[in-house]
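Here's a structure for you.
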Amino acid sequence: MGNIFGNRFTVTTFGESHGAAIGAVVDNCPARLPLSADDIQPQLDRRRPGQSDLTTPRRESDLVELLSGVENGLTLGGPIALLLRNTDQRPRDYSQPVAAPRPSHADFTYQAKYGIMAASGGGRASARETAARVAAGAVAEKFLAHCHKTRIIAWVSAVGDVSGPDLTEQALTRREVDAQAVRCPDPDTARRMQEAIRQAAGNGDSVGGIITCVCRDVPAGWGDPVFDKLSALLAHGMFSIPAVKGLEIGAGFAATRLRGSQHNDRFISRDGRLRTATNRSGGIQGGISNGEPIILRVAFKPTATIACPQQTAAYDGTEITLAPGGRHDPCVLPRAVPVVEAMAALALADAALSHVAPCPDLPTQK
Amino acid sequence: MGNIFGNRFTVTTFGESHGAAIGAVVDNCPARLPLSADDIQPQLDRRRPGQSDLTTPRRESDLVELLSGVENGLTLGGPIALLLRNTDQRPRDYSQPVAAPRPSHADFTYQAKYGIMAASGGGRASARETAARVAAGAVAEKFLAHCHKTRIIAWVSAVGDVSGPDLTEQALTRREVDAQAVRCPDPDTARRMQEAIRQAAGNGDSVGGIITCVCRDVPAGWGDPVFDKLSALLAHGMFSIPAVKGLEIGAGFAATRLRGSQHNDRFISRDGRLRTATNRSGGIQGGISNGEPIILRVAFKPTATIACPQQTAAYDGTEITLAPGGRHDPCVLPRAVPVVEAMAALALADAALSHVAPCPDLPTQK
Amino acid sequence: MGNIFGNRFTVTTFGESHGAAIGAVVDNCPARLPLSADDIQPQLDRRRPGQSDLTTPRRESDLVELLSGVENGLTLGGPIALLLRNTDQRPRDYSQPVAAPRPSHADFTYQAKYGIMAASGGGRASARETAARVAAGAVAEKFLAHCHKTRIIAWVSAVGDVSGPDLTEQALTRREVDAQAVRCPDPDTARRMQEAIRQAAGNGDSVGGIITCVCRDVPAGWGDPVFDKLSALLAHGMFSIPAVKGLEIGAGFAATRLRGSQHNDRFISRDGRLRTATNRSGGIQGGISNGEPIILRVAFKPTATIACPQQTAAYDGTEITLAPGGRHDPCVLPRAVPVVEAMAALALADAALSHVAPCPDLPTQK
Amino acid sequence: MGNIFGNRFTVTTFGESHGAAIGAVVDNCPARLPLSADDIQPQLDRRRPGQSDLTTPRRESDLVELLSGVENGLTLGGPIALLLRNTDQRPRDYSQPVAAPRPSHADFTYQAKYGIMAASGGGRASARETAARVAAGAVAEKFLAHCHKTRIIAWVSAVGDVSGPDLTEQALTRREVDAQAVRCPDPDTARRMQEAIRQAAGNGDSVGGIITCVCRDVPAGWGDPVFDKLSALLAHGMFSIPAVKGLEIGAGFAATRLRGSQHNDRFISRDGRLRTATNRSGGIQGGISNGEPIILRVAFKPTATIACPQQTAAYDGTEITLAPGGRHDPCVLPRAVPVVEAMAALALADAALSHVAPCPDLPTQK
């Protein structure tokens, strides 16, 4: 079921990077949710290539078409189909067989799995697929905001060796994040990040980094016990994003170096309800949301596509030197920000609908 | 579906920490797999409490009973039910209502979700539930070993501030891991870890740490594209383990500080097939196994249960000081090693059965 | 996923007919439902063998043990494990290989699928497995009755050629059904049915029949559109019962001989809400419940196990004559009544929890 | 999950009857299957409105567009998206609120479930949705034919009171079925059926009927035990088709009137393998295919839309007389033939991929 995410609020994505179109079908979104393309297009615009000199020059307008599920600005309760036509696809030349798998791409593994490869090196493995998730994620975000007032925001917190101050306790807006092309809202850090990206790009190289994501106003009680902990659903979603190699929730790896007495979040009473004085748990305890902000840190490896020559082996075993061209990002992080937000939204929306409320206290009927 | 893991090779666990029994039902395990309790008991023995002075003194024999699915040493293709009776349960006194949620336990969130709590503070949230996973994981391991020669091994690689050399390239055995009570196979590091645990325990405190897990001889081609990447399935499994707050696959967070030219795993030809010269991808590329060892690093926070007094708030908002007793581990890491192995095995077995082979090249029939 | 039923309110059954035990794990049952063994045992007693001379003499007390999920008479929200020990199992003699598949049993197909057979001819294919469903179904019934006041009742409406008057509009009770050993509440019809069964049994033969099931007070709005229509979920459940070969909902096959103007259920206003004047739809329109009684008719073929000699072929192709012994029912219908009720309850409980409520009309937040 | 069918070979459909488009996404279809629009269009043409005077005059070309998953005539292993633009949609006038639910349509139940209705009375409940299934089913059929040589054929076996001879043992072709506009391959019966349809249509009325479906060369061993019996998967699929109210597999309801000695299918040896001398089981025993033809009889109620006036109640409870116009079929049966074939194909393809092969007999590794 590799192309379906979620058990209740589900999304199915489809489409190859260089085929006719990509798209998504969102199922089980509640009826009567106010929704239009205007709720979706802004996130697609943030993910779109060609936004700055930090990103790939591929040109895709990525205008979303709502094929179904919405009438007169309200969802109908049926599946919401979202279509994005590919306009700048450039399938590779078929007459030339592919001699060698590109290092750290999906070429080798897709060939091993399917025995066939899509016309471009990317196919389903291309990061282009994430545009469909972003469209679906925007629907999930609208549902979360409308029905639960939940808010999700992500930003670039590290690029290569460059990182900045902890901003998780600030109430950042997407406008502040987008004020910097690199999508790190701290201007000084952003400047150093952009420098690092340009330097790598100048060498025909690429850099990785970290995206931080905070989900606020998640009601206490989401997430199922044991296998479908909210942390597990979020982890499933984050590790399904191309290039992700690590995830921390709350204190993450730093928690391993703390003692219990240092890590425990003691309760306090505030505004008539229990809150935690600290939030090292990152909003999830025992796999279930506790009402505090959910805090994620997502590690992206550097883009595998680089312009410098690479020594490698061809499918027939002979050594060759690859000097890949293609149009790619020296750093995917700025464009991955809405992708992280989308997967967080999809996981949370799934948890929202998966929650089973307790029985009311009634005189038993039987 | 919080108590079912997997889409194809599935496990359902049940049972509260202080109820009559816990157990697991494994579904879709292939028929004709040689299997007996002897394949399962050793991993349960490694997880069992009371193995050394590093662990909780709760006494559970954890002898597994195979209720179904196996006859004369072979699986029948039907569900395999595994039962573990609780023998040392001590439900709390009902006459005393619980005044306050314990900090960083699941008390608060379970109450928010279910409106009811099990007789002990643990219930389904207790780490005791993981015994059922270990039993099911041993079945998955047997399937992987028998049908695919896949081998899984985990060990403690960090406790608090103490960590040792990188052992991922060594062909370690479980015997070597178990030679140290703390389950770090490097004797010097193990000694320092045990010291750290005893020191924390002496203060009534707890420590966290990291478990490293390596899966060898995973065939190339496992994992589904997009949402059910092998990395995503493994992440789902690992983050479903109590106390897990972080995960790295391959180079993990360190990858974020490398350039693409440094991180890419170039191909080489070895023994007639393509291998990678390095393994920064950790055995997974484009979400699909590439035949190299899969390498995971799993971060565990320190146990929430501590013996030192904690200032916190009661459900009614008043401030109180908790001095929890109970029987718990100052460090869960040594006993969590077979749990990590179990979740890796369950995720891999699910990926194995989820793989859809390409059509054979036949003259088309239609 | 052959041993799991339902997407939300799920049940997993396990156990071979002649193994140590059979059982069920119910997942996602809402917390705080009043539940004890007393809610479950009566339905098991109705399914138990040896109730009258119409049924198999196998002796099973079928006392249910609740292993988990319930404390102090309330569900906890976790999985409810139900265990039934086999006490009168008689595995076949292993030293004698099975020469021939029994006609119209599952012997041949299980061998084709699994390449192995359980110790008795039955294994998972035995009707004994349905005891686990009945236990799980009783939990579903309790949930439906407590939270939705939904009531389910089934009875034997035909045995072989014998059938009686249409009783679907009468408010029958289980007591009235059970007043007749054959579980047809019309005494005259019941008498003729019992005669037919005894006649067949006297010839070493078996008979089939029809069970009618009515589900009252099902709220309007259950069932999902398109593939998971309420009718489809019920059909899935009914056709999963051993020996079922046909199903009608509402007017069923008779509807095929009516014109639209005769079949349509016109609306009327009664007690302040819309009802239908007739109920040829059987309580389901467009796949969704309309609040009228749901009416099912389930066709059971005659038991395959008969005592008269049968000419057939052995696995090696040679012709042989089988004269099977074993302990079986000449007519499964009386004992299948609670099984039909259980599957109806499980399908309805799943539909209840699968229902996604529309968004409330709120000022949009985004 | 109302819009997704299947656990392994899955299809998601989307689209309202009078929206922009309808479509389907097929997931998990094996890679390297030869596939093009030419495999899909013929079945769509058979389902298309306006084929004869027996069907609705709505004009839809229903030309399928393959958006993804196929390149150069071979499947890639990724999701196959199929798009059908609506060209003759006529949404109802919004300024006029709908006063009354149409009798035996989904109007009342959709309103109860979603609190909103699509622009036409149909929306997702319209039979137009089945075009998407037919497209997806054609992909499933191609897979079954190519990889397993399985063949599926359906025809109209009854219309109202008119039925013909049993044709299940004849090797019918779709050409023979399509030779009659009513899709009953027996010319004399077809003539009487068409007369019955024209007579009903002349009265502004509608008629129901029965479709028989035979699946040949289904390998023995498909279908999972217990809940996902092959019969249960097929029943789930058939009862998900609009207007279906009954299903028989094999001897069906007639089996209830037979004795075991009459119903049992004894084995014989033919061409070196075991076959059954008769096929009252309809190709499925113990829920698993036995290699004999699978035989289904599907009951369709008469179309709810009729042109004669109907006395009914409005939403506000007042009595009114409806005289519905709209463009509908007096008898859906002829166009439902490819829909039944599609659902049979989707259920069988799902069973094919769900099958778990036994472990090979290897020396155990552990």
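Letters A, B, C and D mark the chains as written, and numbering starts fresh at 1 in each.
Going forward, a contact is a pair of C-beta atoms (placed from the backbone, for glycine too) under 8 Å apart; a residue touches a chain by one contact, two chains touch by 3 or more.
Just so it is clear, the model here is predicted, and its values are computed rather than measured.
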Does B-C or A-C have the larger number of C-beta pairs in contact? B-C
Determine, using the mean of C-alpha atoms as each chain's centre, which chain is farthest from subunit C. A
Chain centre separation (subunit B, subunit C; CA means) in Å: 38
Separation of the C-alpha centres, subunit A versus subunit B, in whole Å, is 25
Centre-to-centre distance between subunit C and subunit A (centres being mean Cα positions), rounded to whole Å: 44
Among the residues of subunit A, pick out those that touch two or more other chains and give their numbers. 1-4, 7-8, 13, 28, 31-32, 77-78, 110, 113-116, 124, 225, 358
Complex interface listing, subunit C residues touching subunit D: 1-5, 7, 13, 100-101, 103-110, 112-116, 124-125, 129, 158, 160-161, 200, 203, 205-210, 220-229, 231-240, 242, 244-253, 255-269, 272, 274, 276, 280-282, 284-291, 299-306, 308, 310-313, 315, 317-319, 354-355, 358
Okay, in this complex, where on subunit D does subunit B touch? 7-8, 28, 30-34, 39, 75, 77-78, 141-143, 145-147, 149, 225, 353, 356-362, 364-366
Complex contact set, residues of subunit A against subunit D: 1-4, 7-8, 10, 12-16, 19-23, 25, 27-28, 31-32, 65-69, 71-72, 74, 76-81, 83, 94, 110, 113-119, 123-124
